[in-house]
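In the two assemblies presented below, chain A is common to both, partnered first by chain B and then by chain C.
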Partner chain A sequence: MEMEMEMDNIAIVGVAQTKYERRKKDQTFYEMVYEVTTRALEDSGLTLGHIDNVITVSNDFLDGRTISSMAVAEAAGGYEKNISTVEGDGTFGAFYGAMRVLGGFKSTLVVAHSKGSEGDIKYITNAMFDPIYQRSLGIDAISAAALQANTYMERYGITEVDFAKISVKNHSNAKNNPFAQLPLDLTVNDVMQSRRVADPIKLLDCSPVSDGAAAIIIANEEKVQKARTKPIWIKGIAHCAEDYFLGDRDLAHPKSLKDAAKRAYKMAGIINPREEIDVVELYDAFSYMEPLWLEGMGFCDPGQGGKMIDMKITTMDGKIPVNPSGGVLSAHPILVAGLARIIEAVLQLRGEAGDRQVQGVNKALAHGINGPCGQSHCVWILSRDK
Partner chain B sequence: MKTWLEDVQSLTMKGQIKIPYTWSVGEVGSRFLLALRENKRILGNRCSSCNLVYVPPRKNCGRCFKDIEEWVELSNEGIVTAHTIVRFQYPLQSAKVPFAYAVIKLDGADVGLVHIIRDNLDNLKNGVRVKALFKEDRTGHILDIDSFQII
Partner chain C sequence: MARRVAIVGIGQTEHRSQRPDVNGRELIHEAVIRALEDCELTIKDIDAIVIGNMDHFESINYVDTWSVEGSGGHMKPIMKVTTGGTTGTSVAMAAYYHVASGLFDKVLAIGWEKNSESDTTGAIVTCSDPIWDRYFYSGAIPSLAAEATAYMKKYGATQEDAARVAVRDRKNALNNPYAHLRKSITIKDVLESPMLSYPIKLLDVCPRSDGACAVVFAADGMAQKIAPKPAWVRSCATRHTYTWFGDVNYDTSLESLKRASKEAYAHAGIKHPDEFDVAELYLPYSYAGLKWIEDLGFCGPGEGPGFVQEGNTDMEGKIPVNPSGGVISTNCIGATALLRVAEAAIQIMGKGDKRQVPDVKKALATGFGGCFWSDVVILSSERP
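Showing the complex of A and B:
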């Protein structure tokens, strides 16, 4: 469906994230939310009084309680405020936050949290599959992803070595990111020799189990004036979903990403993403996802995603560095991970990305996924320029 | 830095959530599961608008957003279109490792059915033909198909 959309000017004016760790034993998830809410406000220079509206992002299975969003209301500054919730990736929570600001609120705080360490990710991801036809098979996020990796490899002749290179690159990038959980010096051989989990996926092709939280503040033009940060303008946002059942989908063709990217580019006035986007932060829960999502985003033709790293386009010194932060492979707090992609894009655009800073960034793409094997995708185009 | 923090030992608390559910299978799903139980037959259904044959069968075509009325009896055989051999074990899996998950396009269907393959994994590749192996004791469950076997 084609929609002509012209958006009011809205911007991200505050960001914060915890360091991502395997187990944050010293903090409850409530305390993580309080930490990033406080720090996002500090970053923006706004006070809680400036925030009209709060959105929390959480998952009841991960938290081990129902209506998990309400349990963090006070930590998120939601007391006596309009607070609502998104159960899904942080990019989708932020999308809702942007809609709130476009809908008349002057500023929205979006905060996501998860502690993968507290439950059991295999049980929790098994529960995303329908209980009648799929769940009792025991399928989980890793084995579903392995079906997608297998389809992708066989369709285009992409190899496990191609995927291993992504893991090497992103774990190496993570060495420059103080928030990353797994900065690693790896070789392709290390990845290839790591424990086989579900063919073709090996341990070092997988993102880790992580704890963490992140928050952003989205503001309209009036509130942007009150913030002290350089505003990062939201130029294009879109999401799109396809079939729930894995067997219904062409797993090597990320159709919903293609649609979401197309709409976000159109909204942002982007004609050729490869020429116009300077840095990408995408949701690489598994190494194979980076090249597959790059294809979906239109940075290369179908089947060519594996070559982007060989051509040194996506490396730190390339034309379009992908995941300078180390990506989701280097820290995977579920739900938070997409918001972290937005935050990393904002830091790149502000020129505050420290050792992982890419030079001359004017436009950045941030991306998140929801559902098994990227059933739905959310694409953000962020810009230094209004 | 608050100095008292250094003296605190962070405690954890163990718990478990165990909730019994009784999910309704619905009329469409019940007809599918009863066909497995009673006749060892796999049923799909066809969208009259786009002609796509779904398995498991659906109440509506998600793409056309129309009711699906036409039932189709599918073959118990098909081809593997995607697979993974699973090397890690956890209690919810329905087979001992190594076993495979596969997307199987049954003859007569247009979409794939996800199921398991237990045996002969050395010969498993995409494009190979497989056949449903039914359990002797069937209860009206997706695992009335024990697994698919390479033929």
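Showing the complex of A and C:
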């Protein structure tokens, strides 16, 4: 399955995201989608007429509607266009969007939405688990994550305090991001003292329930010329899924992430990610995920993820700032969150990240996950240079 | 540059109203193994997987990650694509773009549904907008009934005309060992079957089935080595013309199908649908077999009933429609539209056995779903 190929040049030329909030009472799904669709077009300088196909991202469980894509087709500008829908994180929707540009279309609009406020997240994430053997145990995203965090701590001696530092860093970064939901001044002690939700995970180790939407436009070289933004080139993309049952997995070893990162790096010609990538936006649904995913991405050896923050590598002034936006810990609109990581990477590469801008960014990594405890990972390498 | 892509392998399960002998993952596995056997590949040869079904039918969230033991997605890229009734064609198109993009050489498309584990109508009802549409267009049948009555009023088509479509598809299903409903019916049977929503009766509509379908797509250069007669993808097009059931103009043609087929024909260089040797159409109810063939250009507006009655769509006719027995004989929803593509490919590859139409060079497959949405896929024995 190793392939040597020259990928055509494709780029992200437009981005938009809503402010992420606990509850967007004043907007329906399609109003949120309309807002980001319109603003992504404005950002790119393209009109709907330049867009020849649309990918929406939604989930019937989250929306409480069968064929959840039906509610947003029109708002996403899908009328009279080739439109389709990916159910999963926005990074996967964008992956399909990119393949459609490589496969003959000229420009794909990818738009994701979700309203955590209108569903019961415990029930919705419980539905990821095996209906016969596991669901009745009450397992959900948080209790499964607790199993993973425990395995990780047990294996390498990484501690709750190490995880708390991630929460402090990312919520502090969120103060520079006007789209973030939870900009917070925290101390390690605050996180440690917060309510224990599922041992060892405490309230401030968890991402919030959020409402929001995001959109990006992916274009081929012809359409890149028509856009007014600085194109951010897609150099490497890959995703991979591992075993389903938690008991079949080594939860402290994210092997599907390792595989996806390896393939994305290869495609992008990256030999040493730690030297070549300038900023990372990763899917930290829980604080422990940041160090674990950094290990999977090859930024450090297994078990060393906790040291990245102590060595000040991942802080805003570090060598590889991780989640300058505040990450998923500071806003977690499910499905949208991965697309937001891509958007944040694009803004960093354009030099338009405002107060959260990292200096001298040439290559960025964006990341999304699907399934329990990061069963499936999607890795994007984006670049200023063609 | 987009690469050329062909279908090289097909697998489908035995479709039944209930498959208590397998769970969802085992059902998927059955189709996948058959598809791999069909093209003499192993799961190791597959670079990526696309899977689709409807979340609320089996009530499983993240089917992509749940399914890996059945689909073979372990340590592979797998993504879920879902668009309602059109899911199967959406999955096929996604697999096509996986390969056309140049990122993957051999891709597995999977559609499946275990309807026996669901309250199908209960789930479908929730596709309509909760405030504006749900009370009027609840479930699959009422909006189709609105379309059928409008068509009958406009052209004088009768319930008997529609029954002919059901009789044709169910007769064809007798030649398809995988079909769910394999019992011949008469026009009288259809007319005397229980009325569901005027003018739709029980035997005018599709059943709900348990089943899965898997199709292997491969890139130019490899496809010819894998399959002696690959089915090349010539074009695919999608139109989700409507978002609200109240916006659908039931008095005119099925706009989405008209527009999607126009684009797909142009892209494939089809000047007239006469050029198709066979069509596998997503006809969820008999009246669609009259009206929608007009929108595809098989005949003029209002000429559907005559076109069907003259036998043009029969196995020996000008353009045989649904040699497989179609949706009226088998409907495992997430797989249904993929089965149309698979059956069209089977015809091109000459693997149709008793349901084979002789010497098929060009085949048409369609998908229908959501809010009167349409997908069109055109396959050909000739490399584009």
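FYI, the second predicted complex is superposed on the first by the 385 of 386 C-alpha atoms of A that agree within 3 Å, B and C clash if a C-alpha of one lies under 4 Å from a C-alpha of the other, contacts with A are read in each partner's own complex, and residues count from 1 in each chain.
Keep in mind that, in the parts below, contacts are C-beta pairs under 8 Å (C-beta built on N, C-alpha and C of every residue); 3 or more make two chains touch, one makes a residue touch a chain.
Just so it is clear, the structure is predicted and the values come from calculations on it, not from any experiment.
Look at A:Asp243: by the touch rule set out above, it reaches both chain B and chain C. Of the two partner chains, both chain B and chain C are touched by A:Gly64. When the two complexes are overlaid on their common chain A, residue A:Met128 makes contact with chain C while staying clear of chain B.
Legend: residue contacts after superposition of the two complexes on their common chain; A:Ala198 is shown touching chain B, with no touch to chain C. In the overlay built on the shared chain, the residue A:Ala146 is in contact with chain B alone; chain C does not reach it. In the superposed pair of complexes, A:Leu251 makes contact with chain B only, with no contact to chain C. One of chain B and chain C touches more residues of chain A, and that partner is C.
According to the touch criterion, the shared surface of chain A, contacted by chain B in one complex and chain C in the other, consists of residues 64, 131-132, 243-244.
Chain contact summary for the complex, chain B toward chain A: residues 10, 12, 15, 17, 21, 23, 25, 29, 33, 54-56, 62, 81-88, 90, 92-95, 101-104, 111-116, 126, 141-143. Every residue of chain A that touches chain B in the complex is listed here, in rising order: 25-26, 64, 122-123, 126, 131-140, 142-144, 146-151, 154, 195-201, 243-248, 251. Chain C meets chain A in the complex at residues 1-3, 23, 44, 47, 54-56, 58-69, 73-84, 90, 93-94, 96-105, 123-127, 129-130, 237-241, 243, 259, 369-371.
If you check the complex, the residues on chain A that touch chain C are 1, 3, 5, 7-8, 30, 59-61, 64-67, 69-75, 78-80, 82-88, 92, 95-96, 98-100, 102-104, 124-125, 127-128, 130-132, 237-244, 255-256, 259-260, 370-372, 375-376.
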